[in-house]
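Encoded as structure tokens, here's the structure I'll be asking about.
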């Protein structure tokens, strides 16, 4: 199944809120705005549903980058969810930086349902960033590594 | 009896490590624990007690048992290989060696724990007598002689020289392997050191601790005693005492999904934990008092009842030093002492 | 253990051209719990659904994964198909292998690999799904319309005619909106007021309609079928019950220097005023900024002259709390500010005006009594220049990127009206494109050019330079002749871009309705659900959703009304069962979750629990599932994980993460 | 100490409190244990000195379930924890009679031992009535002494101050023992390169034996069931594998207490491996102070925690990369 190249194929998890960013990703799709297949989207109701444990779990299991997309501040479908997510992620990312994880491996981007272009651009940029950082060696459970 | 100058020890370690794995006390960030010797390791033979006991040389905190992989819908099970290389544990204290003897009672009786047995078969223990025992030590109470460890090789550090005496075949073999670094020595200095150590041990605050009344017959009395209700109260239900203990042998078996398969591993567990021996219906011990009682009843009553009176405590005193709430087995023993033992 | 069926859709060639669907089905069959996998041309078709239903029955499936388009498209289709076959609809998960895969990737191998992983994640999730049952909530049979322009009026009338109570909340002192400011309407040239006023009167007189003018929505809570809204009725300082609308107060008011909002600031009004003669209600308001009595405590003339004794300087704002089942947003538009467009000299010359200002100039009730004259000196103009796309279709970031849609037509209307009424006036229109899609629109435009001799020049204006003699020098280009044009004009009219009413942001936030980068409210689906907001129970009417002319606005207003009626006609609604739930044995009762709940759905109870034999009374979080909307904020704030979200549980999301990272 | 005992006796005898939560003399000169005293005569074992480092706030969770009031002895820094527990409805204010006890800095016997003092038979200089400048040890190996400050717990060097945040009465004098900057260590780490930071924490955390002492002693970690023990999250962990689990555990534990941690320092005090666990919590505190405004958890029992709060113009997570 896997494509036989030595090229680094990053594993990237994108958490997208159902109301804005998931729809933005749909719009990117229907507008045929390409981004690398390394990005796999998980649908969550709101960016505030994303537990820091999910992010660390992704890294533990071998993800090379994790991005969280939600409605723009002020536009949250649930009014305030992304404000909480913003604080949580700021602190989490700061802690990851503090323990020596390259801070480009995590990102938050606000993408509305109308921003298919932004979604695609963001994913392209993020994948490029992960390529520049290379494989995630600092996080990740040794037992998961083949 | 041989000896080796302290400054030649690193050559000794290098020589041993050239042939086999070598575990010994290493100071990492101010904490001394047994670790594999590497070039430049900060070996610390002066600190009396490692934080963790060296039991994990034979019974590691976590170890894989087998790996399950899936090919299509077929399942493949691959057991983890048993230890097949020789290794040396250097610098264990008399109490820690006694701790291994306790573990043997658990893991080497039928059904034999093959992982443990393989490690025991391949491990050579070089024990070091306790030069300056401390106030937390009470090994004497459990019949341990800090001055004269019973191991494959017994050693004494006296005035910058390590005195070396092989006691078993394995010990002889190791002695031969490093013979080029050892020089002959007479035993007089060692005898003097032993006397000195024994003298100190007599002066230690816990030296008069009595185990009277702790035997299998008192099981129900002790179990039902109201003393536990008071004793356990400061307990935080952490696993510090169990994890630093040289004799605690409980483990849990869990699965880890690696994404490519499942690794079934075992890891130390603590009877202090609320999910210890959790079963489908729940837990058989529901309160911290019960869990606390279990630990000490096991060490002082159940274990000796099943093992010809051998207590599952060796008096190393690590729990005395490390308990966050200043609880420990000594306080437990004393609490019952004050109860007059007829409870 | 679940028994899972996986159904891979080709979507014609939409998926199958880039994803090896057979391979996806084949690989899915190897996943834990999967007992059935198949692929089909169109899973959403009757035949496709029948296949799913047959498999559910034959293989006793306990869960299904459909690998197809976005769940936003067909999740409901597959859920109801499953339900008809006896499977709980929440045992259905969708792997989005179209929008998130086949449509964005070209390499078949790569796209297939990704589709397999997406399917794997959905399978991992459905393995942990549990059947969920929606709750029920009652529908309040009353609608709220925010905005009293033609969109709001039409929506309210349609809903009211269907027999439901409707409240209109209008910010300004009168309903009527932008349309009331227009003079004539294209393409029929009938008088705006003549067709609007009867609607306003009808709305005011309708027994099912209540109009709150000079009022604003202050707070919205609740959810579809059961919104609770606080409406602030601003103090008018005139008792509407007593006022007869005689107008004496306005005549006698000594403070007459306030700019008339209705006339776009082109003339003044009194401090106590009704915005225009046909205002509904015909009850004035006092502008506290301008009123001498309010500012100094002296004056009180209006009170003295009012025979009805309707003036009440002590009046206070009132908050009215009302329940609604549906809310329609009809907040309309305004023209953009021209601060970024200095080159058109709008702020330098009174004779450079916007098209909306021209509407007032042309109107008999306007500042010039309907006479076309220069606002600087009152002279009759001879040369008029119209500049199109001022701030529309803008790519440099100064204006709006979109087309304002109505300007081409109203400029043709203005040109035609001027040429008709004042044949001596030359009219030149600078345009980028003339866009006239619409019934009778192009004919209308051609009449302007062909019958009325309006001079259309394809090209943009670079600068308008006011001359010392009061004329305006227009520098432009003619792209067709490829030449520079310098033209002296007496008046310049700017077809200024329209933008959503700035208040809409605030309202959208209150309604949790999403908004796009231009502040237009987002529709639930651009094509298939154009009048619904993604927030259930909130509908969109008129320009708040996107630029529209009057007929389109009225049509959309009707459509929004129908959607609202459809909702109000139901007695009960099924509520989303994907709500939060606290594990009472794990809950600490710490109140942290309640702190972040935007719906006040979490309360605490002292509850007797049996924790593996330990019986005690504990403070435990209880979620009101009718109020919970399922955002999940509480689940993350709960450190023990006692609070979990059904349908998006911690374990489910972790299973997806694991499946993807494998 | 006698004043404290007298008062405890009074309260017990008058029936105003049903029990006293304090410390009982240990079997070694430096290991008093937290204890309940229900009868006046039991107070003969009551002790309060420089070795009474334990923060008794957390014990009040259980004590709040008991009949009657509990007189609890809280040091200035413990009162922050108590406030935080009130805020989280984990303790019942009405069930507590809080005696704010004086504090001149608490001792870490390990520090003394690291100075080579062993075989300790008795200690002087650590009583509340002492000046607390010098400690003198009688040991099997002779008399030893050290400066009081040299054997103080890390947390006392960054003392939050000598004021009790909540109390019913205060007994004994307190001293502000701050002689170091609270965030100096955090700043030192922040200044490292990513590789250095990683190496630093790898080394610190590789010592972790997953004994959960840090968690179980922590007044903010008051969950009935920790997420790391729970089967409901697929996150239960026990292995000590020296790879990722420790990081996951400590990062998430610190995150769970972020905005709630009062910096009481108990985690670092109890860690058998001497891991400087406060470095995690203090990093969050520093970030919160810098990004969302100064916040001291437990300064009162009402303020909304920074992670259950927000402002419309909070910084974006990208600030982490931007500030470099």
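As written, the chain order gives the labels A, B, C and D, with residue 1 at the start of each chain.
Criterion: a contact is a pair of C-beta atoms (placed from the backbone, for glycine too) under 8 Å apart; a residue touches a chain by one contact, two chains touch by 3 or more.
Predicted, not measured: the structure shown is a model, and the values here were computed from it.
Peer 1: Measuring centre to centre with C-alpha atoms, which chain is farthest from subunit C?
Peer 2: B
Peer 1: Per the definition at the top, count C-beta pairs in contact and tell me whether A-B or B-D has more.
Peer 2: Higher C-beta contact count between the two pairs: B-D.
Peer 1: Compute per-chain Cα centres, compare each with the mean of all protein Cα atoms, and return the closest chain.
Peer 2: The most central chain here turns out to be A.
Peer 1: Once you find the CA centre of subunit A and the CA centre of subunit B, what distance in Å lies between them?
Peer 2: Centres of subunit A and subunit B (C-alpha means) sit 46 Å apart.
Peer 1: As a quick test, compute the distance in whole Å between the mean CA positions of subunit A and subunit C.
Peer 2: 29
Peer 1: If you average the Cα atoms of subunit A and of subunit D to get two centres, how far apart are those centres in Å?
Peer 2: That pair's centroid distance is 37 Å.
Peer 1: Can you list the subunit B residues in contact with two or more other chains?
Peer 2: 256, 259-260
Peer 1: What parts of subunit D, by residue number, touch at least two of the other chains?
Peer 2: 225, 227, 233, 235, 241, 307-309
Peer 1: Give the residues of subunit A touching no fewer than two other chains, as numbers and ranges.
Peer 2: 52-53, 57, 61-62, 74, 80, 84, 88, 141, 143-144
Peer 1: Taking chains as nodes and touches as edges, what kind of graph is this: line, ring, star, complete or other?
Peer 2: Looks like everything touches everything, fully connected.
Peer 1: Could you pull out which subunit B residues touch subunit C in their complex?
Peer 2: 72-73, 257, 259-260, 282-283, 286-287
Peer 1: Could you pull out which subunit D residues touch subunit A in their complex?
Peer 2: Result: residues 186, 189-190, 192, 194-202, 227, 233, 235, 241, 243-245, 247-248, 251-252, 254-255, 258, 280, 283-284, 287-288, 291-292, 306-312, 314-321 of subunit D touch subunit A.
Peer 1: Which residues of subunit A touch subunit C in their complex?
Peer 2: Residues of subunit A touching subunit C: 1-3, 11, 13, 18-20, 22-23, 25-26, 28-30, 32-35, 37, 40-46, 48-54, 57-58, 61-63, 71, 74-81, 84, 88, 112-115, 120, 144.
Peer 1: So in the complex, the part of subunit B that touches subunit D is made up of which residues?
Peer 2: 28-31, 33, 48, 51-52, 61-62, 132-136, 200, 203-206, 230, 233-234, 236-240, 242-244, 252, 254, 256, 265, 267-270, 273-275, 320-322, 324-327, 330-331, 334
Peer 1: Show which residues of subunit C lie in contact with subunit A when the two form their complex.
Peer 2: 27, 70-73, 96, 98-101, 103-107, 109-111, 113-114, 116-118, 121, 505, 508-509, 512, 514-517, 522, 534-535, 578, 596, 598, 629-633, 635-637, 645, 648, 650, 653-654, 656-658, 660-662
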